[in-house]
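Both of the next two complexes hold subunit A, though its partner changes from subunit B to subunit C.
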Partner chain A sequence: MVSKTEEAQVNRLENQVDNGGGGAWEYLCLVRKLKLRRSDKVLKHGLSILNDPSKRSSLGHEEWTLYEQVAIAAMDCQCLDVAKGCINVLQKKFPGSKRVGRLEAMLLEAKGSWAEAGKAYSSLLEDNALDQVIHKRRAAMEKAQGNLSGAIECLNKYLEIFMADHDAWRELAEIYVSLQMYKQAAFCYEELILSQPTNPLCHLAYADLSPKRSPLRACEAAGCHCSCSNMEPDGNKKDSAP
Partner chain B sequence: MGGELRYEIGQNAYIKLVLHALKHKTAAVNGVLLGRLSGGDAVEIADAVPSFHSHLGLLPSPRDRPSSEEYYGAQGMYIVGYFHANERFNDFELSNVARNIGDHVHRYFPQAALILVETGSFTKGEGQEPVMQLYTKDSSKSWKLVGSDGGSRFSTKEPSANVVLWDYISTQKWQDVVDFDDHLDDISKDWLNPELFK
Partner chain C sequence: MAEDLVLDTAIRDWVLIPLSVVMVLIGVLRYFVSKLMRSSQLPDAKIVKEGQVIVRARNLRAGANFIPAKSFRARRAYFSNEENGLLFVPKGQAQNAQAQMFSDPNMAMDMMKKNLSMIIPQTLTFAWVNFFFSGFVAAKIPFPLTQRFRSMLQNGIDLSTVDVSYVSSRSWYFLNLFGLRGLFSLILGEENAMDDTQRMMQMGGFGFDPSKGMLYWYSLGQRDGGKIIQSLWLGEEHTVLVTNLIGMWVASSGSDCQMLALYQIFVVLCLVRSSIFVPIG
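This part shows the complex of A and B:
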């Protein structure tokens, strides 16, 4: 979850880059660090750097990270030719790499070739059974095909091993909410609150959930909303009144 | 109860709700439809208020949300329906969340329209069919798709609505749509979108 200050910083940089004020590389790094999904902007500004030989060479070894970021953004925007181009460049530079293999499997996923993508992920997992990204991609594939119960199963298995992954807990909570399985969603938000007690957004979501589970839980909701109001939007506790 | 009623959606409402869905491509979105009964045999959907793009399953009932009654009531309009766009572009199934909220609206307006936006099937401003499905609740108390028997009970008021919509899409006008969720994050943003079509 991104705090208000971080979001404001990203938006400011995005405006600056969109209006030709430079700072594209800083923007791309920040989006990558905060794991934001702004694929159309990443694609546009990433390609502007990669297609300019002088800008590309000034990146040094970060060039390959950018190719990977742009490939993923291109897949998200369904520009599969661009994605294929970036993956080819990475394949030439890092032949036999598992990380590039993962991108190839993601490209199969983007094309909708679910069975082939599934096989590719399984074979990658044989070499490294603890690759978190691949486990999560399998859950994402189930969700993309509309198989929410399959996605729930994948995420539950994943969280038994990687129980500190906040993003996975949040995704699982949202899937449960969409299926109106509020008790299970509450469990997920409780895990999130335990690990991130100063994050107001977890408290808010839990508070919104309480009345749905039972009208008697309205008091619980009020309590959560109060504890949330004691927090700054960026997760720090407010100073108490003098 | 919406038996042979026609449903006509005005261009502004039509474009606003498609743009809302396009702004949040990776999420489900919803909103309220406003309008009035017209001539005894048609429901005119004159405007749409985009509401939320996150945690749709956790929303309070429509009665507890601002219903914009004062603003639209003065223009003789009231809530005539609900629109919903699913998270996945090729998912055309009416979810339980949409049905529940539709049921709430139906309690106050029996001819309520439930619209499911089909952004996945829109191509370049061709055709005059609205790029959405309309459901109404008939006497069997379940939401039925209108027009599946080949009738033309659902149409846009202006025949060129799809052409205008395509214009807005190609200029990325969806970035200017503000919904109630955005307003809650920043109260200076106006969820009535008064400047959108100026």
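This part shows the complex of A and C:
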């Protein structure tokens, strides 16, 4: 989760860059560090750096990280030719690299050729069976195709090995909620609460879930809301009656 | 009561500064060599899973108050169930894990390489300092010291009336050894191989290897203290660290400087032994 100061810093940098001031590279680094999803801004400012040869050479060896970031942002914004261009550049520089192979598989996924992307991911997994990103991309592919039960299966298999990954637990919880499997979703939210007890959103989500499961659990909901409001001094003080 | 000795400035120019410069250069060299020699090791699925299990179990212990009692009990049973609990490692199997690590050549080689890259430059530099820079007073420590430190800090100086604050270059070497860590983290970035002093303090222990099945200790805590949420593992961790620190203090304040050399040999042996046992996770 992004802290308040970091979020303020990102917004400030974003304003600065949007209005023509410098600092695009710091903005991109911060977005990459905090793993935010601001693909249009990243694409715009990243391309402005990459297309300018002097700025590009001033980056040194971080240029390739920027290419990767811009490629992913382009795929998110569906500018597939931009992504293809970036991936080609990376391929020329690092032939046979697993990271570039991953980007290519993501490009196939973005184009919508699910079967080929699935094959590419499987072959990448053969080389390195413990690549977390590839496992998660497979689950994302299933979800994008609308196959929620397949996504659940993928995520469950992933979580059997990597059970401390709270992002995956949150994703699984959301899928369960969308399928109205509240008992399983509650289990996932409990895992989230255990790994991040200071994050009020997990408590809120868990509390919202409790009344749906049974009226008895609404008492738990009140307890959760109280513990959540204890955390956030200026947040919403929900004290829902059972 | 101390007569002030006037030290030649040539000592500063030709002993203190070159020694520091040499140590910095050797550190940088070691960093690059370790980067070159680092073999990319594919993580073992079992080890990764065990590490994650431990993180999850630790979270469960820490946040037990936030989830309903029934869920907590269900999870605890999942981890410490006698038949198929994730953390349950019967005594026999824990020993097997060690034997397996013994026979796993890759891991052992890796650990050995890392430790050797630390020991060899240290030993060589120490020998070089002793050979070239012994027999004279190198520096004065700004605060007064007791007589017990005389043998450790003044080993080349055979006058017993010189104030203990006047030390030989060997102590300058040790000062640099522990003090340049901060400098290295500045110039080499965060991830550098220079935290060997840290590793030395953690692993140069007195016979206790913390990696003797993290799961084993965890399962003991869960099984024996089922109702009591007691961090047996954390207790063990702290005991290890304290034991090591006491050991280092005992060895370094010995009355004979040979004790220091003995301690170094002991550290080497322990490192060799404990380098075979790679901590899980």
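By our rule, the second predicted complex is superposed on the first by the 229 of 242 C-alpha atoms of A that agree within 3 Å, B and C clash if a C-alpha of one lies under 4 Å from a C-alpha of the other, contacts with A are read in each partner's own complex, and residues count from 1 in each chain.
Everything below uses one rule, namely that a residue touches a chain if its C-beta (ideal position, glycine included) is under 8 Å from a C-beta of that chain, and two chains touch if they have at least 3 such contacts.
Being a predicted model, the structure only gives us computed values, none of them experimental.
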item: Partner chain(s) touched by A:209 [first = subunit B, second = subunit C, both, neither]; value: first
item: Dominant toucher of subunit A (residue count), subunit B or subunit C; value: C
item: Partner chain(s) touched by A:161 [first = subunit B, second = subunit C, both, neither]; value: second
item: Contacts of A:194 with subunit B and subunit C, given as first, second, both or neither; value: second
item: Touching partner for A:174 - first (subunit B), second (subunit C), both, neither; value: first
item: Which superposed partner A:146 touches (first subunit B, second subunit C, both, neither); value: first
item: Subunit B versus subunit C as contact partner of A:128, first or second or both or neither; value: second
item: Set of subunit A residues, in rising order, touched by both subunit B and subunit C; value: none
item: Subunit B-facing residues of subunit A, complex; value: 37, 144, 146, 174, 177-180, 205, 208-209, 211-212
item: Footprint of subunit A on subunit C - complex, ascending; value: 42-43, 45, 48-49, 51-53, 55-56, 59-60, 62-63, 66-68, 71
item: Contacting residues of subunit A [partner subunit C, same complex]; value: 128-130, 160-165, 187, 190-191, 193-195, 197, 203, 220, 227
item: Residue ranges of subunit B in contact with subunit A within the complex; value: 26, 28, 55-58, 60, 87-88, 91, 95-97
